[in-house]
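In the two complexes that follow, chain A is the common piece, with chain B as its partner first and chain C second.
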Partner chain A sequence: MSDNGTLLRVSDLRTHFHTEDGVVKAVDGVSFRIDRGRTFALVGESGCGKSVTAFSIMQLIPIPPGRIVSGSIELDGEELLDLNEKQMRHIRGSQIGMIFQEPMSSLNPVFTCGSQIVEAIRLHRRISSRDARAMAIDLLVQVGIPEPAQRFDEYPHQLSGGMRQRVMIAMALSCRPRLLIADEPTTALDVTIQAQILELLKELQASTQLSILLITHDLAVVAGTADVVGVMYASKIVEQADTGQLFAEPLHPYTHGLFRSIPRLGEKKHRLETIPGTVPNPLNFPAGCKFHTRCHIGRDKPRCRTQEPTLREVRPGHWCACWECDRYETAAQSDPSDKVT
Partner chain B sequence: MSDLVETTRVEQFEPRTGRSLWSDAFHRLLRDKIAIACFVIICIYAGIAIAAPMMFPDWANEVDYDNLNARPSWSEPLGTDGFGRSILQKTLLGANVSMTVGLTANIIAIPLGMVLGAIAGYYGGWIDDIIVWLYSTLASIPGLVKLLAIKFAFIDKVLWKGSWYELDLDGLPGICIALGVISWIGTCRLVRAETMKLREMDYVLAARASGRGGLSILFRHIIPNLLHIGIINFSLGFVGAISAEVFLSFLNLGVQDRPSWGRMISDAKMQLVAGQWWEIGAATVAIFLIVLAWNIFGDRLRDALDPKLRNV
Partner chain C sequence: MIEKNDDIILSVRGLKTYFPVRGRLLGKKQYVRAVDGVDLSVRRGRTLGLVGESGSGKTTAGRTILRLIPATAGQVSFDGQDVFRLRRGAMKALRRRMQIIFQDPVGSLNPRMTVGGIVSEPLKVHGGMTAHQRRQRVGELLDRVGLSKMYVNRYPHEFSGGQRQRIGIARALASKPDFIVCDEPVSALDVSIQAQILNLLSDLQDEMNLAYLFIAHNLAVVEHFADEVAVMYLGRIVEVAGRDALYEKPTHPYTRALLSAVPIPDPNARTTRVQLPGDVPSPINPPSGCPFHPRCPLTRELAQAMDETETREIVTLGESVRVVRRCVEQTPALQEVPGDETHCHACLLRQGNT
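Showing the complex of A and B:
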């Protein structure tokens, strides 16, 4: 695929939540870029900050009141953090579309599906309601909904989960945004529908040069759709590489742990491996590398316990934030006794 | 058993067309014979309320001193009052006051409660604090005291005197306004709590993500989901307004220039001792029927409209 230039550039984004218990650094120095027509996936456990990253880009940070403390979010060279709320409203929907995890609750139950798409269209375009209706039906065709003219007048509760997610995609794409943020778009769907929705996103991407920020915890989804992957752990990106490279040769011990905790078909194992411990409390991150408490390599290394590693380019195009990642593979092979729980 | 299977099948394969919340509730109500009966009673009362003043414009002058406090008879089905006037006429005319008060007081109270509740719940913070303070303070004053205070403040007050939109606060309009401004609290509380729940819904977030903001989210996406609360409270509030009007009239603070059921009861309270039960009886039965009809209808309406009570 040819490189068409960068659409979105996020640099050193920090989003903090000021709670009664202290400051929660939900996103703490995240940087990445998304090229035109490409898909960037953010992967990580629940609570690692991937959704907050997405909402920071939209500037729709949920309550308790969170704030973007520093950083920069550039869409096509335009700094989004400098825009006021009114200008930002023009960006939302028309430049950046968003779809959500729960298709069951992301459509308003009292309006027909069609009227909700029409509303999204007419919010950013001055066209008559008849033209908008024609456009909406067209969109329903594009997202693969059968009998679109009839579905147009149906209410969300009359559609299945997969159908609703298609309607959501139609709504998000109604104004031809350049970036689509998909926040766990398939988590609530069953596996066959998941595959259909991902296939649909790929088709739409191919036909409209759409860039996608895909947020997920499902590595299988990443493998099938993303061009570049960022692995997030404890509010930071700890490893970033092209999908093929990351899957072939994960460098960070956390990524490695993620891969090993996927059950494989046909493999006979008594117990699935897990990463020991839990995600650290964001109110009280450990000193040094945030992963060292769960890491079989760095647990006892003084440097890992005291100094936080930064993202560095270990191989061309492969970035990793780990002191030990150069020696990691040899270490993992020679030391199989890493299953301490 | 076969019956059971049959019904389930019919339920499952209902036609897919036009099943919004509203049309669904409408069809439920149509199937509910008691609700229809109540609605018919309400419509009859409304019809009487409109027609009676045209039919008996002269009721006050039809005084018959030869026929005071006459028992019900063929010529006077409900007897006559202390001035020899027909009680049937008075009872029918009383519907006008009751229905006007019920309707107008709620037209003031329900939108007021809904808008204030929705704004409080949606914005939170100091706006919420002010509205909650307002209704907590109002709610802590007994209803009758509030009503009396407003009524006394309205004595001899006429707004925009002489113009066509003249508003006689001492008469019927004053009662409607007084009842309207004290009875929004329940609706407001309910709507506020519901709004707090709805504003966290994904579809509100989705609306934000597609570029909506501020008040337009409240009016486009939240209030349409609250309308059923307004309608249910309207039907239940009607009863409260009718009863309150009766009470005010009984205390001689209600309407003075036309017959109302409360005034009839007030006028007749001494006659009861003399065994003349017909005036008080007619008014009581008239009140009883409309209150019963509204109560049952309100209940059925809630069953039909509230998604949580479906299929219970």
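Showing the complex of A and C:
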């Protein structure tokens, strides 16, 4: 593991929320690293803790009720959890940029798009407003907005969803951050626009050596964009591997279930396979492996019901938190219906 | 397209839904042409998928068919009855047979009503049952959609998204309908839950011979679920076909672009993407001729080989491009693909060949 390739290292991150009903362990021991110019994807269903992980890195967790209980977040060797709010404010924007799922609610409706980009630039750089305007228009060109000079003076509601997301990206990149956190960046968009935005992110990454933390629930989006994938379930990463390896050979029964429940183009199977039940309530996680209640392998196994498995390296570079995954994988591979046409 | 057939439960002809826009431009009243001349038919016990980007008018079409939004023009006939001409009493009786499942399971359930109250509401409205019978029927319905009878006295907020969608389905089933408009029923749900709901809908269809109008933007879901598929763009149907024909031989350039934009869950898949520039234009002032021409890759490609009299220069997304003149001047109508009378498309450039 060469450290000069690593930009962000998150180790054993735990973020808990103290609510009236009890302690919600939203993130409970998450570790991963992102190399320069690479994309790491966190995949999971709603409530698994993937967004809380992103907000913890940015330290945008509301305190209280939230609290980063333990762990470390190192950006280029610098421990972010030791910084005070002022130092952190400098990191946000200039080192780490962030884009969100719903661009309409993250843009201020009463300011023009241009002025919001200029604000972001001038918060971090001492330049004249005229230079900032030129820079902002230049950014709008970079993110592929047609007629940028005209768009500069428009308000967010005058733009379409895809254009708004492009403005968000322009803003996030305005101070040339080294890491971009993209929290479900295309979930609210149409497939055609999604394809445009994903393409744009790839181009920007290639030209600026940007590292991306991509948060999504959509495995199909991950396939085309990420280098490494972590699958989250119930506040923990349950499987992590290079994208190619994970898609070729998912080891965790949850990952496997996710793959099988997506309808794919060109597949006309009448019934979809499902993962029974629902994501457990974080106030009341099951004992043992948190997935055992929904798992067709571990449901009745005494070890799965009582002891929680930890991430272990099952193959080189392929980590999985499952007691049974060695045995499971043979069953999975013998199934020919899993092939994509 | 027009079939006289007992098999057809719902047939829609020339449906238009316009919404007036406040204010006038040059003294002329303006309209959002959300649905602008749609023809559809849904067969008994079958599913017609209706796909398109947001703003294509698919949701408005679904609601207009159910007379939840007044139509501007056109005709909807349900099992031989002209839906838009029915009087109050007859319409109420017909509503028993036509139901809807909404996208947002939170917004479509009254938070102050218990699950039992929500599901029994249609039974009360349509009458003819004692309280005891209603309670029994609610129990059966909940059981059928995979919820425990014990939940009758709980409130919607106590349930997860998937469970709420099940409540919405139970409510739609309560009056024993023949036809349900499913308006993006799974797009707000997690992947693992999506599959559960799709399977449930498909089991119910088999059991009760339900016809669905399945509105969705996810083409993979529609391929999985529908028997026939109609593709909508800016208020019009641009292609309609049996599922296999549409997915294997998409004809309209918009359908092709939509299909190629679907991300494939395989990192090794290298598809030749048809990148579609820009967004869906405003339905207040849709482009002339073929509404797709400003974004259409095909018209740009073909225009290159044509001489100047046959092409025209248009400005789109701040750049000027050359397109086929016909596409700007003529409005295409749905036409059959040779050799397949169930497959129709509305593209001027694909006449006679594919």
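Structural remarks
Note that in this section the second predicted complex is superposed on the first by the 323 of 341 C-alpha atoms of A that agree within 3 Å, B and C clash if a C-alpha of one lies under 4 Å from a C-alpha of the other, contacts with A are read in each partner's own complex, and residues count from 1 in each chain.
To be clear about the criterion, a contact is a pair of C-beta atoms (placed from the backbone, for glycine too) under 8 Å apart; a residue touches a chain by one contact, two chains touch by 3 or more.
Just so we're clear, the structure is a prediction, and the values are computed from it rather than from any experiment.
The larger set of touched chain A residues comes from C, when the choice is between chain B and chain C. Looking at the shared chain after the overlay, A:Val110 reaches chain B, while chain C stays out of its contact range. Once chain A of one complex is fitted onto chain A of the other, the partner contacts of A:Arg92 are limited to chain B, with no touch recorded for chain C. With both structures placed on the common chain, the touch criterion links A:Gln307 to neither chain B nor chain C. Looking at the shared chain after the overlay, A:Gln158 reaches chain B, while chain C stays out of its contact range.
Residue ranges on chain A touching chain C, taken from their complex, read 45-46, 146-147, 160-163, 190-196, 198-199, 217-224, 243-244, 247, 257-259, 261-276, 278-279, 340. By the touch criterion stated above, chain A contacts chain B in their complex at residues 58, 60, 62, 85-86, 89-94, 97-98, 100, 102, 105-112, 119-120, 123-124, 154-155, 158, 168, 171-172, 174. Within the complex, the chain C residues that touch chain A are 53-54, 160-163, 190-196, 198-199, 202, 217-221, 223-225, 243-244, 247, 257-259, 261-269, 273, 275-276, 278-280, 317-319. Across the complex, chain B meets chain A through its residues 16, 19-21, 201-203, 205-213, 220-221, 224-225.
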